[in-house]
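Letters A, B and C mark the chains in the order given here, with residues in each chain numbered from 1 onward.
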Amino acid sequence: MNTLGSLVVDDLRVSADVELVHGVSLTVAPGEAVGIVGESGSGKSLTLRAVMGLLPRGVHRSGGRVQVDGTAAMIFQDPLSFLDPLARIGRQVAEVCAAVGRTSPRAARVRALELLESVRLPDAADLARRYPHQLSGGQRQRVLLALALAQEPDLLLCDEPTTALDVTVQREVLDLLAQLRAERRLSILFVSHDLAVVTQVCERVVVLRGGRVVETGAALDVVTSPASDYTRSLVDAVLPLPVPAGGGDD
Amino acid sequence: MTGTATRTVPRPGVRWLRRALRNPTLIAGAVIMLVVLALAVFSPTPYDPFAQDLDHGLDPPSPAHWFGTDQLGRDILSRVVAATGTDLRIAVLAAVVPFVVGVAVGLVSGYAGGWLDWIVGRVVDTFVAFPFYVLVIVVVFAAGTGERGIYVAYALVGWISYARVIRAKTRSLCRQGWVEAAYGGGLSHTRVVGRHLLPNVLPQAVVLLMTEILLIMVAVVTLGYLGLGVQPPTPDWGTMISDGQLFLTTKWWVSTLPGLAVVTTGVGLSLLGDGLADVWRLR
Amino acid sequence: MTEPTARPDGYPGSPPARPAGPGASAGPTLGGLEVVEASVAFAGHRVVDRVSLAIRPGTILGLVGESGSGKTTLARAIVGSVALAGGSIRLDGSDLGRRRSSAERRAVQLVQQDPFASLNPLLTVGQVLDDLLREERLTSPTEPGGRRPRLARQQRAADLLALVGLPSDALGRYPREFSGGQRQLIAIARALAVQPRVLVADEPTSSLDVSVQRTVLDVIAGLGRGMQLATLLISHDLSVVHAVCDEVAVMRDGVLLELAPAGRFFRHPGHPYSRALLEAVPRLPGR
């Protein structure tokens, strides 16, 4: 049975001076997309970083178990802080390719261009010669995706990747994510404060509050008939927006 | 709505004091400086610092003279204590005008921006291009040696450090919304700078003041050593060090003990400045 | 529309503000804010390109656009922080120049996006309000022609806080003791303290948790209408605009693409770009 891409988080605890995450447990099955939602201070971002092993300074895992089957890669909310401002895009991606595949620099560059194309960046060869500040927010996020894919991951961790993007760009990036997921059979753990985005991307959702799991279940179920009052208040707080008449999403 | 979402905190003065008392750097600095200040103010000299006793010149430290005597038989401990008052007084007084001028220039320049800020920037750059002591010595030569020269020199040159730091701090504060909101609320520029910006830059200015007093004190001592500062017979650490350099290896106490006094005061000021910076979260 | 029951933060729920009916169309402007062919240029490039719009007292115009649309720059030009390269901004018929008098500055107030940088950390809420109230050279029934005495100012400050739903004991507290949502409410109270005619809210809820968005929006809308202010609400979030605005304006690359009453805009957007924006927003199933 293929368990590549599965994730088990059991009673995870994360602390700085005080405990910030109090025993969070969740699972991601191979090929599944699970969302983590919560307000600021809910511990959703810390949980994700703990899974990746990328906790900020002064913060450490203080308990619990994290088990990833396969390789995990991560994309972040602010791509600009994760790209070297002084190196061209092509070189940054090639560096990761070379490190992962232990290939020659030339083979790595070829692979880098392939990856940039696979994230639907138009005119990849030209873009590879540019610096991060010369790209738009959406393009930079695609580059982060390319960097993540370079590691041939089985599990993709996403920390609010579209929160800082314009809504039309967000849609493109989420579509791309869905496509890549299908093509490469990725598992996804997606953190966001935006319930609508999470419902669009994920099958299951975990609701966090104050470092604890409040509710978990199928995304549609949790959102349409929430079991806990807190989740209900989160759902109710989402401002509705009617769909324009005639036209729609086709 | 109930006020449940707000936390009750003690008044800021109390919080500050608690934080201050928990900070070892600040405590150490404050203790040292309190002792130094007490010595400067009360000047508890066991002997008259001017009284000469040529029969007992260059005596090593003894129960009668804890710090020994200098070449004219004067008690070194008394002179060190008396010099504390002299040197500290000059340093603090000399620091006042640069502090006021520098903070004002920094505030106005940082707030106004534009051509005013540009001009101030070029003036600062010009001054900074010269080695500091060279400037001070030149001014002292022109204005006359002794206390007056030091005050004039620092008034002309000492404001630069404050201007640079406070200008940078002011510019970063101006990027915060509340500065724009104050002006947008109809307050005059003077009001915005004086009532809103000034209290926010003062902590940084005060910490810098500690360092500046230290630097001025060292400069006073240096000028004294060079013969350009406080003139004898007024006791001054610098002249005392200079007096004793001829017999540094044989009668070490004449130069060394005043030197230690300088170092101790310097360390005290440094610790006090660092401690304040910690408590005010500036580092 | 559902009414929230158990709010996680304890704020009172209030019925959602309904936008005004279809009467919000062109007619002779009776006071309010007028932007006439306004342009702003940075380094030769037009960031705002001949934008015209009008907001009547007591109505709320929502300005939407993606990054680079120029909406924030336009807001800053209206408030007077940025100079116009062309066109004019008028309040009740008279031009607001770049250099504004104290009274003109008070007439147009801004509520900013970042609640954590919008309040002086060293002053209590009461001191901030008092500072502004002291500058009021408005005649009051008790003090003709002069400044209000201290007690009157304190009372007025407490009244302002009550208007935005905060208790009067907030007067003695410092900004750091409040949450982001509460700070925005304080910022709104501060804006109202100087009795403005125009309120510009620049992404007032973008930095806040979803649970408090509604409260802040309701306060802005309720007070804007109640005090007959011309309110400009800027947001990249269409659902925010839908919640409280009477009219909607869409900008892209400095140009105003569409200006329509809210009801019509959300059902039948005129411009293809507006439609694309509306369709791109992910929606929660069942809402």
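We take it that a residue touches a chain if its C-beta (ideal position, glycine included) is under 8 Å from a C-beta of that chain, and two chains touch if they have at least 3 such contacts.
Keep in mind it's a predicted model, so treat the numbers as computed, not measured.
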For subunit B, the least number of touch steps when starting out from subunit A: 2
Chains most often in contact, by C-beta pairs: A-C
Per Cα centroids, the chain farthest from subunit B: A
Distance between chain centroids, defined by C-alpha means - subunit A, subunit B (Å): 53
Between subunit C and subunit A, distance of the C-alpha-averaged centres to the nearest whole Å: 34
For subunit B paired with subunit C, centre-to-centre distance based on mean C-alpha positions, whole Å: 48
Residues on subunit A engaged by subunit C in the complex (per definition of touch): 39-40, 137, 166-171, 174, 193-197, 199-200, 220, 223-224, 229-230, 232-249
Partner subunit A, residues of subunit C touching it in the complex: 1-2, 4-8, 66-67, 209-211, 213-214, 236-240, 242-243, 266-269, 275-287
Residues on subunit B engaged by subunit C in the complex (per definition of touch): 1-7, 9, 12, 175-178, 180-188, 191, 195-196, 199-200
Residue numbers on subunit C that touch subunit B, as the complex places them: 9-12, 79-81, 102-103, 105-106, 108-110, 112, 114, 117-123, 131-132, 135, 165-167, 169-170, 173-174, 177-179, 182, 187, 190, 193-194
